[in-house]
């Protein structure tokens, strides 16, 4: 029997609850005791926690967000604060702590580990910008939400013969823009990984018009520039104004897709076994279908890069 | 047998296609010939039209937007342009023209009628800001879309214990904000019809917090102020920052709900019979379940006002 | 201050939770105390109840089903059982009982009233088969679900050039079949209120084929006959076999639509005021937009009849 | 430049249109000419085909079913019929034929290849029962649909404290049942790959009840037995009756998910390059993220087997 803590940290992502449920139920199934810390690392620092039972995670499988709360918690960069967290983990006799979050959260986990706490990460963020896993928990749902918005926008774009720019999340990673743009049949997709080329973009829009296509949908990752900035550039270049939509926080919410639930369940269940067997300082991810534990240091080194094949495929298929 | 034109005008709205289908198929069923003019009044002015058959409107019932295009067309305020439109209607021997759109489009219709064209309006706009009908075509779908967004935002608001402001369409009318806020369980709803009171809003948010409610959703009609402006005011007043989301054009799109399809079908079918029997200068709407023809002049006088009972109900039910 | 009971009874319907929330919160707002009885009349008979607070109905607005449970409870036809229920209501000093359910539940309510309990009904059933209201709570959501299924079936029907029969709920009332069939563009709609005519149905399907339409969707209310029976008749008559789908309980579930939430909220809030002011033996419904209290005896006399205008409209618009 | 045919065959699946679009547009991009054969192999035999252009596949990306039709076509087991097909391919000077379908369709393809036609398969079926690919086109969407139905059924099951059995597609493969049951949090999942054990099932339901869980959802693959049969067995064993729902053809329809669109797009694009380079007699699938061509003979040998790890995970997580 081990005493295992779990928390969710950073931006919330659909499927975090499913991961929590898997940690709790597989943990109890294995004979461990599971404790949730509320609102991310803040709960560890402030000793705000509760033991979880099978019933505690009933009826949460399909709910978005996280029932144990999450915060961005910049104070955790302060070594004294981390020290307090480590001491609390010791006082509570925790054998390990599972952190469901993104790369910022994993940096905090690494610091905590240096002070003797066993830590294990699970990739929970809609951005899919973490190494060591093909998909992060929440990414599939976010793509689904964006594709839904693209389909709605296409109705208006097509009825009015307009260009609409939809700005989606992704500061360093273009994954959301790429998958949703490809699945939504967007006329153009702009991602941070590939240098922006105004000539090429205006060429795509104009050649579409020349073929009789009166409307265009441009999916823009926020890391490239803002939708307004792009609209201004297009106006200056082509003399045509575009409408803009910034999806924002809507992308974070919603009940998780089946894929996110299954991914979260698999990762959560494995996380328990890894940390119970003493494997610390790693993140459990899914690579090519297999569950793999990678060192947290490697996971955070650089963000996951989009697949250029998919990017080019998207451009070939739009006419 | 009559020759009847039909066009969609102004902002697109889900259900316009269902109305078009009803006009075409009921028209043909009654023995008339139906002609679509493309891109609103522009199609009349530029003589861009085509005869419609039963097959022409196949498979469009559940599609958002409008397959015959729409434009905002400020040139139609120019009397010479209207004259050209009236002359075209005469040359084409049209017995009448059905205009599916909002109050701006109906103003154009009134001008056209003064030059001898028989005109009939159908209320097609998501804003529900037209007299002479309880619901406009597209309103029900827009509410559905906004409620979906509120549900997603609640996941994030709740996970982070935050206030989120969602700005929705409605310059003069708060209908979208009111119905979606009520159905989404929003903590506060701000509409143009009711004076904004910062003290009251901050009281609602703070008393919620005092009761242990850590998050709030504020639904804001764009006619009150922008989400950013409201966020600044809240920050100054309460010292708490809120997140903002501007839904924008997403609200216009999507396949129509069953209610919008049925409303559009009923109105479209009735429009044919009204105009074929010589009833001109009216809009056909639905009031308390009955189809009613009201003079276009009355329809545009002032915008529909939200039901204050619903507004107060919303505030009683949120705790 | 009054002591008011509330229960849900009969088949569950989306929006029952929203009605419960409105009863509880408006009740408390007015200064009353509200008690939920679990699992319908069984909870009254077995004294299984709990006081409700604002928090008790938090986070249930958008959930399907009913959190206080429901049963079909044939024992309640036994006078001794009803007597026990009435005695319990007296012992608990209840000033009234709000019953959210269908006509069977209202019959029970009438018996209970005869023994001195103040009762008030709210129409909660997906079938829309109750007099005294234009729409029952849950009906709008059920139509939405059926339309979603029709859209999916159309893909398959069209790809294979087949006829598909979809059997939907409605023993005595064809409302679900009619509205969903109209909104789904079904080629034929069969309802209990209109005599079945095999010649006409086969004519519709065959003339569609003659015009080049290779597939048909037939929406069938269960009260007419079973999908299998209809399929056999069609095979015998036309020599063409049809595929069948029986939607079943899927129609009952799902989060309520915005319209159902708003209807339930309005009715629930009004129910509190009616029963608190001593109005017993009535059902509160919505007729042409207004809230109206009708005697329970009248409500159950005969079931609501579909609008024949809508029925004929559907047939004109399909080609 | 090659002349390449394409057809869809067997049961329709969401994403077939996306695959068709990718074949056409990538084909044209590479300089080939693409011809669609209507209604599966029947179109080859009866020479019912048309050349496809970029525009031919516009606006179909998100549509369910297949715009070029499909049939189950048992006549294609007749060698004379296959011969006619092969001759037609020769007369039309086709360099190859892409078959989007399931294992039955691939058997036909193998016969056709024996007579000299170059053939290439793409896995298009909701059942995910084909070797040589981790996911078939349409499977992800079908799981999504079933999970949606499970969520609705849970509302009713929970409100009434009942057991509901939902029968889903899968004669030989339990993939749909497994993934949807896991993602829907089903209390029990029954698949053809694992022997049915009535004692175990009743134990699961009864121990749930003993823990206070009043309702259960059982997901049953049709290959195990029918829902009615299972209901009878449960009644006999436990004395408790269960409700049943047979989802049927609803599982086949609906617009494809983002994942199905992307999978179909990748496979369709690759199919063109493979067949143009002379690779015949293979199916292109996706294995662990990579596109892989496998011999058709191997693909059809035995059906894909569910992952037992997932199956056990599901049972651990339900309490």
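Read from first to last, the chains carry the letters A, B, C and D; within each, the first residue is number 1.
Methods note: contacts are C-beta pairs under 8 Å (C-beta built on N, C-alpha and C of every residue); 3 or more make two chains touch, one makes a residue touch a chain.
A quick note: this is a predicted structure, and the numbers were derived from the prediction, not measured.
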item	value
Mutual neighbours - chains that touch chain A and chain B alike	none
Distance from the mean Cα position of chain C to that of chain B, given in whole angstrom	29
Centroid spacing, where centroids are CA-atom means, of chain C and chain D in whole angstrom	35
Rounded Å distance between chain B and chain D, as computed from the means of their C-alpha atoms	40
Of all residues in chain C, the ones touching two or more other chains	151
Contact graph of the chains (line, ring, star, complete, other)	ring
Interfacial residue positions of chain C with respect to chain B in the complex	21-22, 25-26, 29, 54-55, 58, 61-62, 134, 140, 143-144, 147, 151, 179-180, 182-185, 211, 257-259, 261-262, 265-266, 269, 288-289, 310, 313, 316-317, 319
Contacting residues of chain D [partner chain C, same complex]	8, 11-12, 14, 16, 39, 63-66, 69-71, 145, 149, 151-156, 158-161, 164, 243-250, 252-254
